[in-house]
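Each of the next two complexes has subunit A plus one more chain, namely subunit B in the first and subunit C in the second.
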Partner chain A sequence: MAFFDIYLLEALINGILLGGVFALLSLGLNLIFGVIDVVWICYAELIMLGMYGMYFVYSVYHAPFAVAAVTCIAGVAVLGVILHVLVIAPLLGAAPINQLLATGGVLFFLQSAATVMFGIEFKNLGLRLPVLKAAGMFISYARLLAFAAALVGMVLVYLFLSRTYTGAAIRAIAQDRQIMTLMGVDTRRIYLITSALGGALAGLAACLLVLLYDVHPFVGLSFGPIIFLICVLGGLGNLAGGFVAAFVFAEIISLGGLYLDLEWGYVFAFVFFIVMMCLRPEGLLPRRS
Partner chain B sequence: MRRALPFIAGAALVALPFVYHAPYPLHILVMILIWSFAYTSWSMMGRFGLVSLGHGGFMGIGAYVTALLWNHAGVSPWIGIPLALVASGVLAVVVAYPCFRFRIIGHYFALVTLALSGIVLQVITATRDWTGGSLGYTPERYQGGSLLYALQFTSKATWYLIALGVWAAGLYVWRLVDRSMMRYALEAISEDEDGAAATGVHVTAEKLKITVLSAVMTALAGALYCQYQMFISPDTVSGIAISLQMVFAVVVGGIYVSLGPTVGAVITIMLAEVLRISFGTRAVGWDNLVYGVLLVIFIIFLPKGILGSLLDLKRPRAAATLTRSPARSA
Partner chain C sequence: MLELKGVRAGYGSFQALFDVSLEVREGEAVGVIGPNGAGKTTLMRVISGLIRPTAGSIVMEGVDLTAIAAHRIVGLGIAHVPESRRLFPRMTVEDNLKMGGFLPAARPKFRERLEVVYTLFPRLAERRRQLAGTMSGGEQQMCAIGRALMSDPKLLLLDEPSAGLAPVIVEQVFDLVTRLRAGGLNVLIVEQNVQQVLRVVDRAYLLKAGSIRTAGGAAELLDSDTIRAAYLGV
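Entry: the complex of A and B
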């Protein structure tokens, strides 16, 4: 059974790396969740547009990868701001479920806009990173990169939130949105900054995801639901909780995929989510209040 | 005259296939009726602020359990459909009871039920040896004997009458709920759970009742869809996209009025068909593009939907008492 152990180890390591990808994907969503208290259900579609952006800038206009990445991050950040101004801002006072449904409409819109503009063919950069072979295991280099980017991204966001004035204002608004206006903080400006930051993180995720998966208009549906569940499981707006939840989910999916099919891995992850929601509705790492 | 209107309209709808039976318009009408019924089922609980994104899952169970029992066990849909409804009801209890017990409400409830949609979709895909996975699944055509036994009809007019009957029954159930004490209990709950509990409403039980009713009706819509189309795939009867489609159509039509979901179904299906006919394959994606924009605009400007807002315009005085409802949560 020595063989079996190596497969298990490989699945575990790949689970950790997949967790890195999930963590990166859910980072921006979690921030918006926590600060603006709005569920951008179309977040995965912003990532999808970012992936298309990467495809066009890199493969069609032949810009260097770094330039493409910066363009893509900036572009999605602008999209985040537009989304906030057009859709979220008029609904800030409405019931949370209305906000969720409105961004659901944006999801439909972005998906079909991509279908109309780019067609339904699968596209990729034609850039395949090597697969790392270590001790008889195969580890995707691109996942390793995404894992590293998620770590760096989280540290940067953490530093931004804890060390800068704007970051302090963002955290304060997440705690009490009424009182901050009285303290001389322009709530609207903070919301715009947060939306831009969330968008930029979606763009960052897109740059790396495009190395792992082909892009097509419905790619968002394949990971969108997972990243919401990760944010909720981690405790909304709790960045560290989201990070832990991403790895738990990824391990469940990876191990489920090892013993059964990948789909069963997802089923177990969803069931785990529902059970955890009932046991710990506050999330894995509840926030101290 | 006002009292007679539903009967006149009903008689006209029943008489329609005997007078006019071009297959294509009848097909569109059957689709509208089946989806109207599904949307009505969704808004049974949606109107009380219980926004579920799991109804794609219930619909998938209705369709797949019926078809699987027929193909693999030879069970007639007359037994298979009730079994599917029971399965859907049981699933609704299993997921909803803990949610209500632990007070998972609002967008948390929506996200838990979103996971439910995901589960059903993935299970259907994962058991591809049985269900055909994402390639879809076809109930076998019944060879010989009565077609009634297999609930398979080739005539569109027959299906039209069946769908009409089920749709009307759905509206009747809506009316029953609308006139029951349950409605007041649920409205109280959606305003303030603690307040409702304090006045003696059994919050968990009331919410559970309406959820099971809604889930069972949605499963029936799925089973009907399967028997009519004779082809189902995870993407057409289950999953998150279908759940969102239900929410969308109901919000556009009007969530608080009985015919709102029907209006929503008429608008969405006609829109898709008109685009498909006038633009052909170039129209791929355009219908959803329009839906998406409409959904956003409706939620921002007309949260009561088209029919709800029209009725308000007609009866400004009645509207004053109704305007409190959308503020609650649509």
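Entry: the complex of A and C
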């Protein structure tokens, strides 16, 4: 295989497409951590529930895809708020380990609940999206769509954070929690809005991932760990860092998969993560204090 | 306009204020002086709601502040410039000012208030796109005061505005207090810089170990032997 050829280009493009989806996945988790200072260990399980939501609304109740997507995004946003009110809010002042254990407990609860409710069969939407063939390369239409939607989602979040008062408060609260009161900001309200936003992003991710993967109760495990690694690699809570790390990770996986097997791509990505944690334990773009 | 009666407050089991009573009347600038650890910062925090009193009442124009949620206090016209400024360091100057005007009532007046702040501090207008954390201490103090002014307050709480600043900047900060007063703003200022603060306020309270020891007109306190001996070293 020549060093630079059409396969390499194809792998690079696929890496970018995957990176967009990874970036979206890590954005919600990062936002929650940056604002509320809590890690939603069960983030990928919210996405799993969203994927089931898509499956039921689209495949079982035969709603149009757009309706299913909106329902799914709104539904997971509500789940995010419920998670905050029931689990996070009572533990806001608790030790971080207790918060981790609590959201970790929610992870197992959601996996088991999904198993009981939906069974362990793999389910999919039964959509057959075409594969685009351009200049001798094969690009999956589903990936392209997921990338484009992820990009739109991220731009909307960016505009919300940079243009609105609530967005400014969300950025500010991550920098100085205590004095938000002096600005007249009700921090509890900002936490609820952020939880809804984090949930909505998980819902959007669910709409896109359901195009690429079958859904089953443990599907969260196939991308959950990667989301955490990306967030940590980017500097936990740093949205820009997470964005960069998502593309770095996706390219390593994609290029590693090109030269060896797909599994090797993941091996390289994890090795890269461990090495980077030794070299830069604060992440690629650490939060400046 | 603001009246504290028998206010007690502290952190956990540590009590920092013991039955503090003081008052800021309409049109006044009032100082609170006292040594380190006297409870001056706690006093400011208890007024703006950052900590809640365990006893006593704080009344602003007839509204009891202890009975309303802390984040509603700024809506009554009390803006607090906290100790060591507490800007949002990774936000631009203008975004910091925007946060100062976060209240729904202040939002329609954003442009107008921004004009006021930029006229008062032309330096901030030059640096509107700069990250607040990268500015000098004096500029950050201007930004912190500007942020508080964005809500169009009736009473400004200044906590150690001269701390950590070069003497020439300290001079400017006290000048500013005089100018703000001339514009009709009431000021409650906490300072260690006793001599300078007594020049810009009408009255002052001496706070020591969490309670008010002396109160009086600024000129009178400047001449008082206890103050002179304790703080001015003359």
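The criterion applied here is as follows: the second predicted complex is superposed on the first by the 281 of 289 C-alpha atoms of A that agree within 3 Å, B and C clash if a C-alpha of one lies under 4 Å from a C-alpha of the other, contacts with A are read in each partner's own complex, and residues count from 1 in each chain.
Note that in this section a contact is a pair of C-beta atoms (placed from the backbone, for glycine too) under 8 Å apart; a residue touches a chain by one contact, two chains touch by 3 or more.
What you are looking at is a predicted structure, and each value in this text was computed from that prediction instead of being measured.
J.: Report for A:T115: first if it touches subunit B alone, second if subunit C alone, otherwise both or neither.
T.: Only subunit B; A:T115 stays clear of subunit C.
J.: If you stack the two complexes on chain A, which partner ends up touching A:D214: first (subunit B), second (subunit C), both, or neither?
T.: neither
J.: Using the touch definition from the top, say if A:F228 reaches subunit B (first), subunit C (second), both or neither.
T.: first
J.: A:I179 contacts which: subunit B (first), subunit C (second), both, neither?
T.: After superposing on A, A:I179 lies in contact with subunit C but is clear of subunit B.
J.: Could you figure out whether subunit B or subunit C reaches more residues of subunit A?
T.: Comparing touch counts on subunit A for subunit B and subunit C gives B.
J.: For the complex, give me every residue of subunit A touching subunit B.
T.: Counting only subunit A, the residues touching subunit B are 39, 87, 90-91, 94-102, 104-116, 120, 217, 221, 224-225, 228-229, 232, 260-261, 263-264, 266-267, 270-271, 273-274, 277-278, 281.
J.: Once bound in the complex, which stretches of subunit C touch subunit A?
T.: 48-50, 69-75, 79-80, 82, 86, 88-91, 95, 98-100, 102-103, 107, 133, 148, 151
J.: Where on subunit B does subunit A make contact in their complex?
T.: Answer in residue numbers: 49, 51, 95, 98-99, 101-104, 106-108, 110-112, 114-119, 122-123, 125-126, 240-241, 244, 247-248, 251, 284-289, 291-296, 299-300, 303, 327-330.
J.: With touch defined as at the start, can you tell me which subunit A residues reach subunit C in the complex?
T.: Contacts found on subunit A: 165, 168-169, 171-172, 175-176, 178-187, 288.
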